[in-house]
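Okay, structure first, notes after.
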Amino acid sequence: MSKSIKKIGVLTSGGDSPGMNAAIRSVVRTCAYHQIECIGIYRGYQGMIEGDFKEMGPRSVNNIVNKGGTILKSARSKEFMTVEGRQKAHQNLVNSGVDALVVIGGDGSFTGAEVFNAEFDFPVMGIPGTIDNDIFGTSHTLGYDTALNTVVDVIDKIRDTASSHNRLFFVEVMGRDAGHIALNAGIGAGAEEILIPEEDLGLERLLDSLKKSKASGKSSSIVVIAEGDKIGKNVFELKDYVEANLPEYDVRVSVLGHMQRGGAPSCFDRVLASRYGVKAVESLLEGKSNFMVGLLADKVALTPLEQAIKGRSEIDRELLRVSDIMTT
Amino acid sequence: MSKSIKKIGVLTSGGDSPGMNAAIRSVVRTCAYHQIECIGIYRGYQGMIEGDFKEMGPRSVNNIVNKGGTILKSARSKEFMTVEGRQKAHQNLVNSGVDALVVIGGDGSFTGAEVFNAEFDFPVMGIPGTIDNDIFGTSHTLGYDTALNTVVDVIDKIRDTASSHNRLFFVEVMGRDAGHIALNAGIGAGAEEILIPEEDLGLERLLDSLKKSKASGKSSSIVVIAEGDKIGKNVFELKDYVEANLPEYDVRVSVLGHMQRGGAPSCFDRVLASRYGVKAVESLLEGKSNFMVGLLADKVALTPLEQAIKGRSEIDRELLRVSDIMTT
Amino acid sequence: MSKSIKKIGVLTSGGDSPGMNAAIRSVVRTCAYHQIECIGIYRGYQGMIEGDFKEMGPRSVNNIVNKGGTILKSARSKEFMTVEGRQKAHQNLVNSGVDALVVIGGDGSFTGAEVFNAEFDFPVMGIPGTIDNDIFGTSHTLGYDTALNTVVDVIDKIRDTASSHNRLFFVEVMGRDAGHIALNAGIGAGAEEILIPEEDLGLERLLDSLKKSKASGKSSSIVVIAEGDKIGKNVFELKDYVEANLPEYDVRVSVLGHMQRGGAPSCFDRVLASRYGVKAVESLLEGKSNFMVGLLADKVALTPLEQAIKGRSEIDRELLRVSDIMTT
Amino acid sequence: MSKSIKKIGVLTSGGDSPGMNAAIRSVVRTCAYHQIECIGIYRGYQGMIEGDFKEMGPRSVNNIVNKGGTILKSARSKEFMTVEGRQKAHQNLVNSGVDALVVIGGDGSFTGAEVFNAEFDFPVMGIPGTIDNDIFGTSHTLGYDTALNTVVDVIDKIRDTASSHNRLFFVEVMGRDAGHIALNAGIGAGAEEILIPEEDLGLERLLDSLKKSKASGKSSSIVVIAEGDKIGKNVFELKDYVEANLPEYDVRVSVLGHMQRGGAPSCFDRVLASRYGVKAVESLLEGKSNFMVGLLADKVALTPLEQAIKGRSEIDRELLRVSDIMTT
């Protein structure tokens, strides 16, 4: 264990995701376990600049393991993108005796952490928290599993009404750059077609698929569409296009939106958050810095922050094939 | 008991709602209990015209009490709006020996039933099934209670992310003509403001309310808006308006849409559906016709279909006041 | 409005139930709305004796409308059953300037309130909070609707495994003196038989019913049993009895227990709690005392505490009949 | 692809688990995708003996991906443990033209499959379906992830009432030989102590832990106990023991039981089931036999049935440590 670290700061940054509170709890309790202090930093980097800090002990994080959102709040900070902002933030940490930082967030948050580390040689450790699962160096980001359950639960409800009316539904889910949610939730919800940013199926293929589905005797259909799909039309334009070309279909659109970020975390996300928090704190105590904690082949492992930021989280090709077969 | 009724037909019509299956089950089993036959009619009035019938016994409705949607499917039928269509439908009923009809649906479905009854002197009984609760003669339509739970559950999730980011959310819920869902779910979800078709609060009042909410120290806000609110702007225009006038707010929009119609019915809706089915069948057997079954002051009671169609389901003024007080 | 009341105390007592927090929130905000003060009393009457008080303003109750349990905690107090205990409690209220009391709880809690009122002429108002719905003067106690949903949700899960294995399940639900939960959740979950304290069906009837169910072609069966049923055997003895007499059945037992008290309240319970809180505070301000707020024929109404305590909440006979018909 | 396989039979056996239906659906659709036939075998090996078969096409498995239980039903078969029974079963398969078998179940079911394969050189492939996750050769059995979510959801509810009353709860979860559910759900639910079959903490340690928890300022505690824990007392005896030794605690017991087997599968289990079904069928078509499909380091992989049966699924030691740290 490194002697130098006596106090760790923890913050959440970027879009919130279920499991962030469980990760905060884990960081706080792992600090207590190793008898070092812990400081909660409110509103991400902005709170770091403003010195919005609070001492946290094991009892500060009672009864939050199952809560969505983040008790430390999150915010975007333009000021932190400036040298002056980061200097203020650094001075606040120094003044408060904080020796190291755990940053729970996504790509953008990690970029901030990396720059901060480079400028002040300040120990930082990242924990991936975003529902999109679009981060290299981990098979699972915090909140992703919960979001999948939220999405299939909602599509199950939509299926009730779709099959009662023999309708076609287009369901837009989150994922600007990554189709993980769309692909997995699409398979899980029994979608007839799935459109993701990683693949451009083309409009013809979509029409063919819907025709085939009708011909095969299916009375209703769900198409799951990632926000960032490459088909070149937004979900409402797509509805118009399909209705113009397949008049036998009565298309309805549902944009799931922000509800996907909320809710009590799944057991998987709670356990993962607990594991990530332990690893993040103990890695800092071992003198490591500038890494992201992640899950690789079921083991908690470290990836350099730089790689986590630059790398690309690939879609699972096996799943694309499974999806094809399931829509037989 | 009337001697003449030996076989009852049951159909679902209009938008589906949770509890319709429980009502079908109740109609079928009440027929069996009284040793008369029961015929399921698929796809509402359209299936009646096409003779899409199926004999149903007590075991045909096993394991559906908890299922959303309707196993009999629903559809809108233009043909049933013509005399010819209705004559075909009537002939099919006569040919199949059906003596009376239970129609599960909303206003439009009841209008169809009333016309059919007038033309052919055919016994009909209505069961109100719609999530909007916009039907006169009952405090609760089937599916309304379930939809309220779905909506508060989703807003609870949105609240997680709203309060993590200090954001303002506009959540649009169903209710073109009636604000029941918005008002009740708004109170239930702790909304800061509720916009319903029955009241035009005006844009100024909304801005005032949001300013007051900010000033009172609330860090996030949810505004629940019924589809049919009278404020003269759709929810996206409203977002633009508020952001232009209250730049301190970062507004997000969530349109809940069709998911509100689906899902396993609440216990309340299952029990209510069971009671409605018994009352509908037994009222027909007692020789009554042209009524809607409903809940009035906690008792199952009959209202003439004509009144149910023409009457207006009023919003509860006490609730408006409760809502005001809760946003203190 | 009575001039004399400037500060109201609120406490929760007895078994907790979903909706208690929403009721606390409503009491606190209604006080703020009328510009009077509000004091939260922790751990029921015990906290009143120990002076465990906290000032509460509208922001103290942010984000609790959807939380199960009670933020004021609950406890049983033997000391409050003594004159000395109650004198201490009264002195604490006087010292803190509390003029009136809202007690959220069940029968026992109301008895305490009534005695306290009688001894010190201290204004009290009761809000019925218990999942059992066993209180006279209201059709719905807080938490009852939520508990019904919890129970049918669990039985839906048990039904999955029951019907996969053609098994018979005995499910014990709460209700020592009242069968409301068992009867409603039993109908809602499609139970084949329901045993409640209000009726002694007798063991023979149970065996007959199970035989009939088997003969009718049902492959699995759920029997819902209230804790306090009068059949003279506990649920495990009942299992042995049935297996001895109907060897074709493989009986499993599930005792649902305390989970029935927890969970996020349903929309119904949240709205009801909001209405009850407003009525309780405003009734005190109007100079009323010694009443319980309740729901009668869908309207919020007052019942003298004495009647609420002595009266008996009757089971709905219509529902017993509906239950019979549903098991056809 | 092997030429010889033209028709595959699929069955579910042993205790049911969420995801079995999704696996059946995947097997059926993968067969259709490869243009071979598929037969559903009802009630596991017993139905194989009785010839209780049904042809299944892609539309036979519509709308089951999200259903708990198994549409093919499950049963234990004593007759299949005899040579005569297995011969009858084999003859039925031959008569129906079934060339290969997919068995969805646990240890016992795989033993049956292995014997059947050995006796008749009949191609078999196993898919692990059990909530206990106690099978060697896979990190996840079907239903395990869903059961974890069910358990934490219930404990969240129990926590509401535990913390309202400052009580200690003992919650017994499934797991006769394996503590996977207890350990993961215990961490996920924030349990203060977790008792599993793999470790004998001893009664002293439990008492110490509870004393420490009280001293640390925790007002309520949850202890999660696997059915098969080695502490030498059942959960009710444990309650008596703790109450005798720690009179400051008021202990309540909750035995979760069969509800853990039911419910709509999580997205994870639905996707996993889809992947398993594809792999099982395609492995048979490639001429492989006598394997179990499983998830190893996030990849779908085969393990010889013999190893799957004899091997032992180990508890994750890292998780035990995480659990210790979390209860700081």
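Chains: A, B, C and D, in written order; residue numbering restarts at 1 for each.
In this section, a contact is a pair of C-beta atoms (placed from the backbone, for glycine too) under 8 Å apart; a residue touches a chain by one contact, two chains touch by 3 or more.
None of these values were measured; they are calculated from a predicted model.
Centres computed as Cα averages put chain A at a distance of 28 Å from chain D. Chain centres here are Cα means. That of chain A falls 36 Å from that of chain B. Between chain A and chain C the centroid-to-centroid distance comes to 39 Å (mean Cα coordinates, whole Å). Touching of two or more other chains is recorded for residues 156, 159, 163 of chain B.
Interchain contacts close the chains into one ring where each touches exactly two others, per the touch definition above.
By the definition given earlier, chain contacts exist for A-B, A-D, B-C, C-D. On chain A, the positions that touch chain D within their shared complex are 25-26, 29-30, 32-33, 58-59, 62-63, 65-66, 139, 145, 148-149, 151-153, 156, 159, 163, 184-185, 187-190, 216-218, 264, 266-268, 270-271, 274-275, 278, 297-298, 300, 318-319, 321-322, 324-326, 328.
On chain C, the positions that touch chain D within their shared complex are 12, 15-16, 18, 20, 67-70, 73-75, 150, 154, 156-166, 169, 219, 252-255, 257-259, 261-263.
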